[in-house]
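Labels A, B, C and D are assigned to the chains in the order they are written; within every chain, residues are numbered from 1.
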Amino acid sequence: MKLVYFAWIRERLNRSGDEVDPPAEVVTVSDLLDWLADGDESFALLLEDRKAIRAARDEELVDHDAPIAGAGTIALFPPMTGG
Amino acid sequence: MKLVYFAWIRERLNRSGDEVDPPAEVVTVSDLLDWLADGDESFALLLEDRKAIRAARDEELVDHDAPIAGAGTIALFPPMTGG
Amino acid sequence: MPRVRLQAEPFDPGAETNAFLKGREETGAFVSFVGTVRSTPDKPVTSLTLEHYPGMAEAQITRFAEEALERFKLTDIAAIHRFGTMKPGEVIVMVMALSPHRLAAFDGANFVMDWLKTDAPFWKKEAGPQGENWVEAKATDDTARDRWKS
Amino acid sequence: MPRVRLQAEPFDPGAETNAFLKGREETGAFVSFVGTVRSTPDKPVTSLTLEHYPGMAEAQITRFAEEALERFKLTDIAAIHRFGTMKPGEVIVMVMALSPHRLAAFDGANFVMDWLKTDAPFWKKEAGPQGENWVEAKATDDTARDRWKS
C-alpha cells in the first residue's frame, strides 16, 4: 500500500510518501495512524492531534473509521486551504 | 408641476410628459391620478389598473399616498424591468 | 465611492473585469454578475430596447451600490448599465464587487442586482418575429429583492 | 460537462470571462468569482505557494462543478485553479457559472467556491517578512460549506 503526504505532514516527515504493508489487524485509517505512530517517532509526534489529520483513500476523502483493505493509495494531509 | 411618462404609459399617451397645475385638493399621487383620469379619456383607460402604475417624485420612488405638494417633477411608469 | 456608468455603447466585460481588479493586492475576493440579452428557440428575440429615466436611473443604482458597500463592508463596487437597442448575446448590465471576504463579495453583487431589477427605472421592450412587446415585471424579482429587507 | 483546469501558469480573468461568454445567446445570467493573493500592511505577504494533490484536486473540483450544474440547473460552469508560487494580486482561482436565472448563477459559483475551499486538496503556504507559514483552515469556511448540506 502506498502512502502519500502533503503540506506540513510531508515537510515534518521530510518525505512525500512511503510504501507500507500493514498487518491484517490494521483495519481502518485510525488503525493505520496508530500503527504508523507505533513504528516511527516522528509519526508519533505528528499524529498527537488526530483531528488535524485528513485522509483520502484512492483520491476520495474518507473519515478515520473508513476501512483501508484493498486501497492502492492512502493520502494523509492537514485540513485543506484551497481557493 | 412637470409630469414625465415612460414605457407603455408614454406610448399610450403618445407623449413623454405634460406641464400641469392641479388644484389644491389634489394632495397625493393617488389624487393626482384621479384628477388626470377625470380630465383625459386616455388617462382614464390607462389608470384603470392602478397597481400597474409606479411613481417617482423628483427622482425618488414614492407610494401612491405620498404628497405631491412642492414637487418639481412627478414621473409615472409601469413596474421597472432593468438588469 | 461606487463607480456607476450608464451608456448606450456596448462594453467589454473582460476588459472591465481586468480594469477593476488592477492594483488590488489588499483584497482577495471578487464577484461579478453579467446579464446579457437572451434569445431562445422557444422565445426568439431579434433585439431588446432599454428605455430609462435619465438621472434617476444612475441615482438609484448609485444608491444601491452605496448601500451594498456599507452593508457588506465591501472594498469597492461598480455597476455598468446599457440603454438603447441591443442584440442577443450583448451585455446589458455588469456589477462587480470586491471584498476581503468571499461571502460579502457574493452578497454585494447579488444585493445590487436584486434592487436594480425592481427599483431602477429601466423598461425592456423585446422585438421578435411576433412583433414588439414590453417585458412584464416578475413577482420572483420582488421576492428576491425583499429578502434583503430586514 | 464542466470545464476544470489546473495550471501553474498565471491566467487572465478578463480573457476567461469573454471566452466563457462567447456564443451564449440562450442564457442571460453569468456570475464569476475570482480569488487573488492578498497582502495587507497588517499582514504583508511576499508570495503564496499552493501545494496540491495532482489528480485528486482536479477530480474534486470537477465533482463540485457537476453537482452545481445539476443542483442549480446551470447551463455551464467552469473552474480554473493555479498551483505553485504566486505574488500578491495574482489570481489563484476563478469560477464561472452560467444560467438563464440570476439566482441560480450566483448559487452555482458560490457552491463550488464553498466546497472547493474545504474539500479540494490544496494547501497554502505564505511567505512574508517573518518567514514562511502554512495557512490554517478556517472554521467559517466549514460553516459556509455546510449550509449547502441538505
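Going forward, contacts are C-beta pairs under 8 Å (C-beta built on N, C-alpha and C of every residue); 3 or more make two chains touch, one makes a residue touch a chain.
The structure displayed is predicted, hence computed values, not measured ones.
> Everything stays put except that chain C is ignored; which chain groups still touch one another?
Take away chain C: A, D | B.
> For chain C and chain D, let me know how many angstrom lie between their CA-based centres, rounded off.
22
> Determine the centre-to-centre distance between chain B and chain D, using the mean Cα coordinates as centres, and give it in whole Å.
48
> Need the CA-centroid distance for the pair chain A / chain D, whole Å please.
For chain A versus chain D, the centre distance works out to 27 Å.
> Distance-wise, how many Å sit between the C-alpha centres of chain A and chain B, to the nearest whole number?
For chain A versus chain B, the centre distance works out to 72 Å.
> Give the residues of chain B that touch two or more other chains, as numbers and ranges in rising order.
83
> Any chance you could list the residues of chain C touching two or more other chains?
35, 102, 113, 117
> Which chains touch which?
By the stated definition, chains touch in these pairs: A-D, B-C, C-D.
> For the complex, give me every residue of chain D touching chain C.
My answer: residues 12-18, 21, 23-41, 88-89, 91, 100, 102-103, 105-106, 109-110, 113, 117, 144.
> Provide the residue numbers of chain B that touch chain C in the complex, in ascending order.
Touching chain C: residues 4, 6-8, 10, 56, 59, 61, 75, 77-83 of chain B.
> Please give the residue numbers of chain D that touch chain A in the complex, ascending.
35, 50-53, 55-57, 59-60, 81, 92-93, 113, 116-125, 134-137
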